[in-house]
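In the two assemblies presented below, chain A is common to both, partnered first by chain B and then by chain C.
Presenting the complex of A and B:
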């Protein structure tokens, strides 16, 4: 398995070095904002905060509550588009 | 022989797909964490709930979506069909034509002086041949100030570049004041219309 993990490390490194990771991050952010994902999650955050109390809420609280929901709420079209780009990158640079 | 190439070519599609999914997963988690940090900071700095107002105020400023009205609820073509009565000539003029009409009617504004000058020049031409042919060439191209401007229509081609700021300063300024143009107008005696 170490061959694979080496390979993965290489690809990840390439992804970062070529700036593609940054671009993908930006793309994801803007798509998620456009489709209202951010606002949805923010509203959920409000509930969490009201529950835990404004003074006492921690980053951990938010992360635990928000991340699973966030994963699920990503619209299919956005997911597809990102996966497409990732696969294209891999096809170009991994073979 | 590169170590890189050896390990990379040993990939098959399922592994590539798994890798793609992992990369995607990382990106999404990044986005989520980013949001959490933003929200947490906003909470601790006290500006998270800043844009929440009470329900009544929210209702007051809701976006309006009715025909004939803009998003604030104001009518925007209210003055299209209105007519105004001109205080000078007492005619009824359409609202959108009112301002230009007033300009001409009261004899103020750029265009009205030009038209007046043109009329004078043409009436002069009918009486006698205008001697100031040469000088008028320059004045024609002056935007603000021109007399004998009916020659504009004939567009005489001179050798001089009409746009150059330095044109020959011959006997041009018979009547006009030297210096800044905007003040010239009131000093001119060429106006046919009494103000």
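Presenting the complex of A and C:
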């Protein structure tokens, strides 16, 4: 594993252990709902389902279609805020 | 994507499968306790590449974690012929033979229960989950096929109220109550189970009122039954005199609370909670807060604390005969809550600061101190121990003194968003312990309030007196001029953007009824 992914793994471990990961997920969830991201993607999901047909569509289809769009549509302010939170947490719990 | 699972899921359901599944959910998907979190942090990585991202899945038949995106778990499934895996992020069950996520009713049930348990352990409580209709509800839906579609511009839930003779005070409070989202949700989902024998249950009448408001009828409603019931249950309000809206609100909440007996939640044994001090009716859940009163002895500094429930916060105003102005230490009167002091206007926050300031009780009002065992001078301070979900502020505009009853017309500005953090009991304790309260952006929204209802009284140029009620959907103006002529206007203010308060306003005036 590269140094980068090692660091990621360590950070993830720390976040999970202290329950911060769950809190961050909640924060992210509410921020993304507030700014309309969730509704946009929900509408996109509906389009995909209509296209593929309700009986034939799989979760995989949706994941493949939604993921790139979802990544792009996250507002910068939300990214910044989450990053800030993570930094603050790491600063607090530095070993 | 059939809800009945698949053959392979059914093949899995042998031996102690329920318990095994629960363990997997508890340990690796929704880790509630600190111990499970630690275990999850250490062990939830792919057994092939060590990554924790890439949609990690756990095999249901053995201890193996693998990436989904990199197909590591797929390899394992093929090699070991273990057909099922669980998504560690969301708890979904994947079948490699059917090549899709499978929704099995029993497994979904287990998943939900474990998720709820984890939330409880984390101290999160209940979170929003989508509605799943019961059999009975599905039946009702089939028997009643008419559906109402809510579009952005529709006026459902808005209805004018006829003035029955100086009842504008009642009408504006009724409008405020029908626009209280929690109350509306309670009544529209039929949560009231009436236990009163007679027909005089005010809660049933409220339920009926909500049905009227959401019926889609556009002509004004005549709330004569409601008025009659209120007169029956709150005799002091009976008659055609102009009454105080605030008095009506308290009386209405009181009667509703008393009539809610059938709805108090049952405890885990299915028995009703009969504790009068701890009512859990909808009125108490929404409106009741706790006011903490601390009396500090000036000699021994011992504090005696009492906590009283309240439905409203009655605030004194400047211009009354009692002195108003001393702001508590630490208050600089600048832009708290986004209120501006440009014109020197009093703000709601000012009134709250005054309400929660320490007050010297004076030598004529000595309290017997439990510490000193004698009568001593003391200071008293009020703070909010428990904030209600809906906070009702009452501005004491009517001053009764020995000689007269006059109305204080001081303008008080109030914000659209109010942060009650400086006024709660724990904030005061932190200040006293020397922790400086910084005005950092508060990520926690627990103590913030948004304005959604504001019944106010105004004078109309034709000489009558009206009551204006500003709700989230619009202004409801009930005007009575000289008692006989009734003009009822509904002004609809449409909020264009759902995601931020006023990007743009459009005002539509609709004259509903005129003489």
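Everything that follows uses one rule, which is that the second predicted complex is superposed on the first by the 83 of 95 C-alpha atoms of A that agree within 3 Å, B and C clash if a C-alpha of one lies under 4 Å from a C-alpha of the other, contacts with A are read in each partner's own complex, and residues count from 1 in each chain.
Note that in this section a contact is a pair of C-beta atoms (placed from the backbone, for glycine too) under 8 Å apart; a residue touches a chain by one contact, two chains touch by 3 or more.
All of these numbers come straight from a predicted model, not from anything done at the bench.
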Once the structures are superposed on A, label A:59 by its partner contacts, choosing first (chain B), second (chain C), both or neither. both
Determine, under the contact definition given at the top, whether A:32 touches first (chain B), second (chain C), both, or neither. first
First (chain B), second (chain C), both or neither touched by A:19: second
More chain A residues in contact - chain B or chain C: B
Could you list which residues of chain A make contact with chain B in one structure and with chain C in the other? 8, 12, 57-59
The answer for chain A against chain B in the complex is residues 3-4, 6-8, 10-12, 15, 21, 24-25, 28-29, 32, 38, 41-42, 45-46, 49, 54, 57-59, 62-63, 66-67, 70-71, 74, 79, 82-83, 86-87, 90-91, 94-95
Chain A contact footprint on chain C (complex, rising order): 1, 31, 34, 37-38, 40-42, 44-45, 49-53, 92, 99-101, 122, 124, 443, 498-499
List the residues on chain A that touch chain C in their complex, please. 1, 5, 8-9, 12-14, 16-19, 22, 26-27, 34-36, 57-60, 85
Name, in rising order, each residue of chain B that touches chain A in their complex. 3-4, 7-11, 15-17, 19-25, 27-37, 39-40, 43, 48-49
